[in-house]
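In what comes next, subunit A is part of two complexes: it sits with subunit B in the first one and with subunit C in the second one.
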Partner chain A sequence: MTALACSLAASSAWALPRMSLTIGSRCSNCHVNPQGSGLRTDSGFYSTAQNGAITWEQVGWQKFHDMPDNQLADGRLTVGFDSRLQMARLGAPHWSDDGELVTPDRLVIPMQMAPALSVKITDWLSATGSYNVSTLQHSYLGQSPYDAWLQIKTSQEMPSLRVGMIQPTIGMRHDDHTMLLRRNPLNPGLPMIAPNWNELGAEVTYEGQHWISAEAGVFMANNLALSDSGAVKKGDLITSARLTLWPQLEDYGLNSWIGGSFLKAGDLTLVGSHIGLGKPYWGALQAEMVMTQTAANRDMLSWMIHASHPLKEWFVLEARYEKSTGSTSVANSNAEMTSLVAGVQFIPLPNVELRPEYRVLTTKDWKLAQWALQLHLWF
Partner chain B sequence: MAKAADQHDLGVPSGDARADVGSDRREFLCKIGALASAGALAPLVVGCESAEVFGPEPVAGVKLDFDITKEPFKPLADVGGKAKTIVGGTPIVMVRTTATQVLAFKDECPHKQCPLSATGSWDTGKKQLSCGCHGAVFDATGKAVSWPKDGTTQTNLKAFKVTFASPTGTVQA
Partner chain C sequence: MRTLIATFSLVLAALAVPAFADTPFTGKTGALTFTVDSGKSQIKFLSEAPAEKIPGTADGAGGEFKVADATAPGGTSGKIIIPVARMKTGNDMRDKHLQSAEWLNAAANPNITFDIERVEITKVDGNRASGKAHGKFTLNGKSVAKDMTIDIAYAADKNALKITSRFKVSLRDHDIKGKAGIVGAKVGEVIEVDATLYANSK
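Moving on to the complex of A and B:
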């Protein structure tokens, strides 16, 4: 199963929930962070090291091709790096002061340049952190430039504890920060939950049984008070929890998950659910929903459905549809956004990902159809 | 097998190995060809881009009378309060800056078009309007005094003429 997981995970270049769903494997199998994203474990590194349309060996870089893992000092140190450049039109079409229709310029934005390190201090204690240098140039309100935590993990069967600057676990952690699940249709330009959101706090993770996983955490609001200042104030207590069941229909080779999330912070209450179905070499179908409500009667409902199919391990077709609606009685306004994204995850060389996408985003006031391209390099 | 191994040692591929190398090369070239073909399709995708703004094109010179005792202008009863309206097709955010002054700006931050009526906040001390989306800041005339460092061009916020004698006034788009 591990071999199968690794061979299939090879088509993933990031903490893509679809990969976990396809192979029925936890994010923590391939990432140091149990939520997924960022620094890879030795299994995660190995699973992507040979996957590409062409290999490093074929272009003459044998040393990189033969690199066995991303660990140093007899496995005490795990090192990694993620870099992402996004080329897209950001913003909304609008009338200029001269009455001309203005289409947003296409920009190239460094989204992520994040070296990461994990140190195994003892058999049960580790320290992990990363710093996203690109936030020095561009960041969203509430985006955390770094994450850092101590993890106590005595065995796979027992719950583990993380303490530090970490992201409360809710729903699935997607690598695409433009997804409507974490945006506010009433303020289309402002994420309700910023990309790389982290808060100071502690979280317990349980993955001791193959059919269930659970997380629960307590945090102090700081960054969430920046991205959703209307509902959360600095210093508010954040409580979060997620429960996921992982049914496997072995007769059909199907993996699945179904679960729910809860978060309470200040005046904000968030309830979410996620469900998905995946099969090796076939792909994945997943859906997720997030409902939020504030004491000031701001209600939002966002949902998405996402399908993916690997033509090759290094060439995966992807499409998703999202819808987000919101209303607030205070300003007596309501809003709606829909998003259609179709694209390809293409890995020309191991550790190099190109993701061309066609995106159509529609609000009550405007519509923008564009192609976008993301370059992702990782180690 | 021993013969094949010897040939490898001499740098001469065996028959099977030659077949493998040829197969690898063909596959490699096919992949390169596929990539080139995909690249050639890119301009077609670019041609599918479009942008659309719903609603009529704004008309300049239109005036609107307002009364802060009536909706949607009631928030202007308090200093720091904001109200949004549309004048001549232009979305406008109005801000009560002092007891005797109301300012009006285009309700679109020129950075990423965030609606300032929702994301903007007026600093009465600095007399500045800041956008909550990405942090652009404008003075009372709409001049950009702080701009996100993301490569976009610093652009001023369009301001509109307002006459105000509490509780009524006029804004001109």
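Moving on to the complex of A and C:
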């Protein structure tokens, strides 16, 4: 029930693709994980360290304000954490005996409390991991409480290899796990791909030229078999690949990406595409589409369009529209979900984010419209 | 006698024409002093590295230069000044980083300068000319000799100049090391610069 509640209402940020588009920088420039999300690199730490409506210097925390990076031991250790508290009406509405739609109570839940560490063992070998303590209280079916990997990276020009508990790279890793792109409208209570989904496996990443990136991986299905048990079984092989082009039109100050993804796991085949356009100080426009098909003729199509505009670097307006449709010939059923989210990313102080949102989620049976608020602290 | 005068005139004209043909300042003689239009001039730069391509702009370019003899602009000298604080890369924090001591050290060296020592005109087409500006380029407090390819367009009616130049700047030449592991991976070792300067004569 907790998983159902969370998946229907709460949001949780892991990374911000809009930043990549507006700055024209890949996720790996700011995050240790090349997909984006979680632990920040020294550049990523610095890029947000003094961004806020007021700064730490103005409230007398000069040392924190002047902190140059998040590294210790002469750059051998990179440390960080993400903590998120979500307030929202959690759960699905239901019809009372009187024929009235009853909305669930508003609750406050810890979504993420995840310390993270990366150790540079040699110039070419590093170990990275994080553990989300909040999963001890609640977690989604198929959600991994931790990620951990060894990375071999000899130079920027050469492909790097990650081995461990990592997420197969598909699409863009968005900052909101309630997105319909990873949901199943035929079973709206469960995410088809859980937040912080990780599997044991290996992935090669190529980012040797600024205009192209490519990832390919092989994994053993374990968590995906929990979140999408109808199509994937434990022990099934997962193969995944993503190719992204990053055209930049510097004469117009425009950054963009366009790419496609593929994933095959057991009976599940997933194909996706992503496209985005951004301009510094102007904002970003993104669109993404995911199609899935199973051997049992379960077909799903989900897409979303997302726009963001920074009034200030610390006050960003955001809105997105999503639609997901699904059908299965076995049960002779079909379903549809739409979602409209509008909100603000407000950073009153560096490393402190407030995200008020208005969300409207509609299915064939009910409609839930509500305000939600997330508090995000990070280092 | 008339033939002699005509011949002498033609010889004079023939001698005179090349003198003006070596300059875009057609019809001008003597010294000309130009002031760079800070509001109109535009400088773009591009860092290209495997991980990232960073375009940027540097507004507020100023300075002054003097063409000692409009009929022979080789003796041009002066100084172009670019304030480091006006350099933008599309991200405020990255701009702060750019100005920090690890990079351009704006506190100690607030300006990028080019001291023009002489100009070499290689081609003239009416009020347009191309050639090279020889001088001393100073960045991060360190100067190196530089020859910049230039294209000049002179508007005689306004006594105004448009100068365009594309050149490259090696960070190593100017002792810019940045944070360890960044130059060559995320920031280009050589920065491409595309400058368009507008200047008006006093």
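By our rule, the second predicted complex is superposed on the first by the 359 of 379 C-alpha atoms of A that agree within 3 Å, B and C clash if a C-alpha of one lies under 4 Å from a C-alpha of the other, contacts with A are read in each partner's own complex, and residues count from 1 in each chain.
Everything that follows uses one rule, which is that a contact is a pair of C-beta atoms (placed from the backbone, for glycine too) under 8 Å apart; a residue touches a chain by one contact, two chains touch by 3 or more.
Everything quoted here is computed from the prediction, not taken from an experiment.
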| item | value |
| --- | --- |
| Touched partner set for A:Gly75, first subunit B, second subunit C, both or neither | second |
| Between subunit B and subunit C, more extensive residue contact with subunit A | B |
| Touched partner set for A:Ser144, first subunit B, second subunit C, both or neither | neither |
| Partner chain in contact with A:Asn132 - subunit B first, subunit C second, else both or neither | neither |
| Subunit B versus subunit C as contact partner of A:Glu250, first or second or both or neither | second |
| Contacts of A:Ser83 with subunit B and subunit C, given as first, second, both or neither | neither |
| Which superposed partner A:Ser47 touches (first subunit B, second subunit C, both, neither) | second |
| Partner chain(s) touched by A:Thr22 [first = subunit B, second = subunit C, both, neither] | second |
| Parts of subunit B lying in touch with subunit A, wherever the complex brings them together | 24, 28, 31-32, 34-35, 38, 42, 45-46, 48-55, 57-58, 60, 72, 84, 89-90, 106, 108-109, 111-115, 117-119, 132-135, 148-152, 158 |
| Residues of subunit A defined as touching subunit B within the complex | 53-54, 58, 89-95, 97, 99, 101, 103-105, 107-109, 137-138, 140-141, 186-190, 229, 331-332, 346, 348, 356, 358, 364-371 |
| Residues on subunit C engaged by subunit A in the complex (per definition of touch) | 44, 46, 48-55, 90-94, 96-97, 179-180, 182, 184-186 |
| List of subunit A residues in touch with subunit C within their complex | 22-26, 28-29, 42-43, 46-51, 75, 155-157, 207-211, 248, 250, 253, 280-281, 313 |
